[in-house]
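What follows is a set of structures to go through.
Both of the next two complexes hold chain A, though its partner changes from chain B to chain C.
Now for the complex of A and B:
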């Protein structure tokens, strides 16, 4: 799972690439630490190239979402593949995380 | 390292040292030998030349004494030439006067005295010192044609004859000095002779021996041996006929020496016969004879050869001592290595406390020993740590096994099987302890509660969360509340203090066995399959995320013979090596392919086997849980 973070004015663009599974979930959590520490988060997460996410991956997105919500920030996930979107839908995460 | 290898190491090194030293010695001795040989040979040449000069001078002195006696007598003959009878007195006087002279004659030319054809008065020494005389010329002995007469007569000069054996007289080798006596007109009218024995000269020459096998040769004007110095029988032979007589091959060098001598030159020449190398110095004698001294180089170098033998012996003994001292020194030096190898062997056998030998000197071996010591300590420490961590691992693993046992025991395995109901479930954790769960219980004979859940994550934390969830389900469901309330209450209790952000997806259902009504609530879990098709489920939200989330209740009415299949995403997300997932389509296909008569156990086993076959050995990433329920008949259907 490759994570590319670029900051543009107040908005932060995050590009995810690859599979997020048990083997790399810990690394992914480390990779997005800067996002967790952002005092005024406004994230757009591009999921065009994200192939899969496991339940551990969901948990990390949830933690990120909670961190964003607690600071009154914004977070949106875009261009999600249908099979990935399905996981978010089944688990009800689409109710918590904004996916467009 | 064994004893043989060590021995050969010392031996090899000593041998190399000795070999190199030997080569150096051989070269040194060789150079010394060659240069000393050259010096000795040069000295030998010079001393031989000096000796030759002295010898020639000695021979010349002998000859001159005879020549002077003869010359002194010539005037007497000239004065008394008209008194023929006086000639006896003259010759007798000459013989008496000079010891060297064995005989003397005054031989007149034919008819010098009228009517006397031969006239040659001759006096000669007989035994006991007496001198006798006689007339030499007779019809049988026509001396006019003898060399001693003819040659000086023709040359008009005195000369020494070739050596000859005097058979009739003295019975020994002799040479004659002939002096032509001339009259006032310068015509030769008589020859005065003096015979000398060559034995005196040969004895003198035999006494000259600078080296044991050296010899002096004397050859006449025509190249015949006066004295060969080797063999008296060769007397009178030439150098060339000697080679023929002796059967030796013609030797270029000897021929050259002979030619050079015959030319009357003084010189020195080296030659080889067989493996014997000799040199000859030669020079002319005043009377036309030539003398040479021949020396064998072996004699010349005998002294140094002996010296060299002693030197070689000393060197050999020295080398032996060198070898032995090298050998013992190297053995002593390598002893610590041997000791260390023994210690190493002992350590290798597991005796980590084996002491290493002390090394006296601060050298490479001590460094090796110190490195070894370090290694020994590191090894001991490492093994100690390994033992500890292995023990810890073992303890942890045994605890995990216990945890796994507890978790499995928590799962009901008492599957109800009666005329109305069939039920079976299977759970295969990916690790020892998993995060999946299933549960079911009959509230009363007509009411079945069941649940299947999946905690995010795996391992011990997930399994603990799973245990909490399962207990909450049991506890809360038994209150008889509607399923959405049950789920909401579980959610609230899980949210409370969920700092680790774990969550659980769950499907809970309540099946009325008499009516066939299924009341269910889904909390972010995979949809369920009823009679080979997915039933519509609301996603709601996984549990533990948001307290107070409004979970919605759903119901569906089932007919007798209906089969409910609940699973976790370990089934649909099982992967092959090419990352292709098992998926819902394959699952539906598998279930639809099963006969209606299959037991629930067979359904579970078939699905698990299908997933297992699909994965084809690929590692199971997630826990797998399946639950199959068959509503065999309803009270309503009976009625």
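Now for the complex of A and C:
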């Protein structure tokens, strides 16, 4: 899973590329650690090239969402492939994380 | 030493009191700190929420003005009771009495000099309604050998509602700014307004009482299981959720993949329940019982072929609503509407709705429905 983080004014753009599963979840968590430290988070996570997420991935997105909510920030995931969106839908995570 | 006689045109005795005041300022400041901290502590301990808690030490100018007008009444600084003052502003009138009772327990109240201005009015008059207690800080609450006088000096504690505060503030402003005696016709208008505020205060307290009574009755009905008599609204739904009505289904769904359940609020689904026409908790409770097995079937169909071992606690009500909609003739549009309502509008919602419809086509509850037709 490749992670690219760019900041444009107050907004942070995150681009995900590849599969997110148990083999790379730890690295993914490390990659997004800078996002957890943002005092005023406003994140747009582009999932155009994200192929899959496992439960480990869901847990990391949940952790990120909690961090964002605790600071009154915003997080939105965009351009999700249907097979990835399905994972969020059938686990009820679409109710927790904003996906457009 | 500063010459207060020249500065404010005071007589010798008042000037001496001014000197005492300046010399004792560190003590007054300390007293104010203690008062603020103790009041804050006791209000929190008694679960009393107030709009404001203010403390202050009288300013030099204000004291000089007072001594200029009424200096003949005081021999020493210890005769003044309002050098240090506190004001507690409440939401409701009954809370003023509650705070007064609390103050009576924690401070030493000088009853001779305390005034309940709320009881001072003639039957045909209105006006400044406030409760003023003159108190001392008892040694058992606070004692500092550096400032033993803190337990001797009296302070004034005003207790009033927010509306009484509005009245007092505006009345003071008008009186202060004009500096002249208010003509009778204007006084009548001020008194009319005071009467209205007094009535409004009473009404707010009465409305709160009625609302609390209603909430208690509803909670009793909910906990006794008499759901049919309980209208569905935000308040009753929250009480119902305390009974954890979705837990059984949720645990069953979680067991499919031995999944961890992440707790998340289901209240966004309240609007969906309204849209589906539910009017009482009884109807919601029946919907859960009548559709749990089918919702479980749907969840199993979606999850069993995956290794996803975390679910949101919203999944139970989500699947229940999906099943209910499908069994009542709803399709892609109705499901899309539900997802739009709960998760926010998104193009993916209609695809999600199609996916649910396709899954349901393979499940027994939808085929049962066809056979019934």
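One rule holds in what follows: the second predicted complex is superposed on the first by the 100 of 100 C-alpha atoms of A that agree within 3 Å, B and C clash if a C-alpha of one lies under 4 Å from a C-alpha of the other, contacts with A are read in each partner's own complex, and residues count from 1 in each chain.
The working rule: contacts are C-beta pairs under 8 Å (C-beta built on N, C-alpha and C of every residue); 3 or more make two chains touch, one makes a residue touch a chain.
Please read these numbers as outputs of a predicted model, since none were measured by experiment.
Enquirer: Sticking to the clash and touch definitions up top, decide whether chain B and chain C on chain A clash or fit.
Expert: Partners clash after overlay.
Enquirer: Which partner does A:71 contact after superposing on A: first (chain B), second (chain C), both, neither?
Expert: neither
Enquirer: Considering only the touch criterion stated at the top, classify A:100 as touching first (chain B), second (chain C), both, or neither.
Expert: A:100 contacts chain C only, not chain B.
Enquirer: Counting only touches as set out at the top, which of chain B and chain C does A:63 meet: first, second, both, neither?
Expert: first
Enquirer: Just checking: does A:11 make contact with chain B only, chain C only, both, or neither of them? Give me first, second, both or neither.
Expert: A:11 sits against neither chain B nor chain C.
Enquirer: Check whether A:19 is in contact with chain B, with chain C, with both or with neither, and answer first, second, both or neither.
Expert: First partner only.
Enquirer: Between chain B (first) and chain C (second), which does A:80 come into contact with in this model arrangement: first, second, both, or neither?
Expert: second
Enquirer: Would you sort A:55 into first (chain B), second (chain C), both or neither based on which partner it touches?
Expert: both
Enquirer: I'd like to know which partner A:89 touches here: chain B for first, chain C for second, both or neither.
Expert: Once the two structures are laid over each other on A, A:89 reaches both partners.
Enquirer: In the superposed model, where does chain C crash into chain B, at 96-104, 294-302, 330-338 or 348-356?
Expert: 294-302
Enquirer: Of all the chain A residues, which ones make contact with chain B and with chain C?
Expert: 54-55, 58-59, 62, 89-96.
Enquirer: Can you check the complex and tell me which residues of chain A touch chain C?
Expert: The touching residues are 54-55, 58-59, 62, 80, 82, 85-87, 89-96, 98-100.
Enquirer: Taking the complex as given, what residues does chain B use to touch chain A?
Expert: 454, 456-458, 501-503, 505, 523-527, 539-542, 545-546, 549, 569, 573, 579, 621-622
Enquirer: Could you pull out which chain C residues touch chain A in their complex?
Expert: Checking each residue of chain C against chain A gives 259, 262, 264, 268, 299, 302-303, 306-315, 318, 339, 342-348, 351-352, 355.
Enquirer: Within the complex, which stretch of chain A touches chain B?
Expert: It comes out as residues 19, 21-22, 51-52, 54-56, 58-59, 62-63, 66, 89-96.
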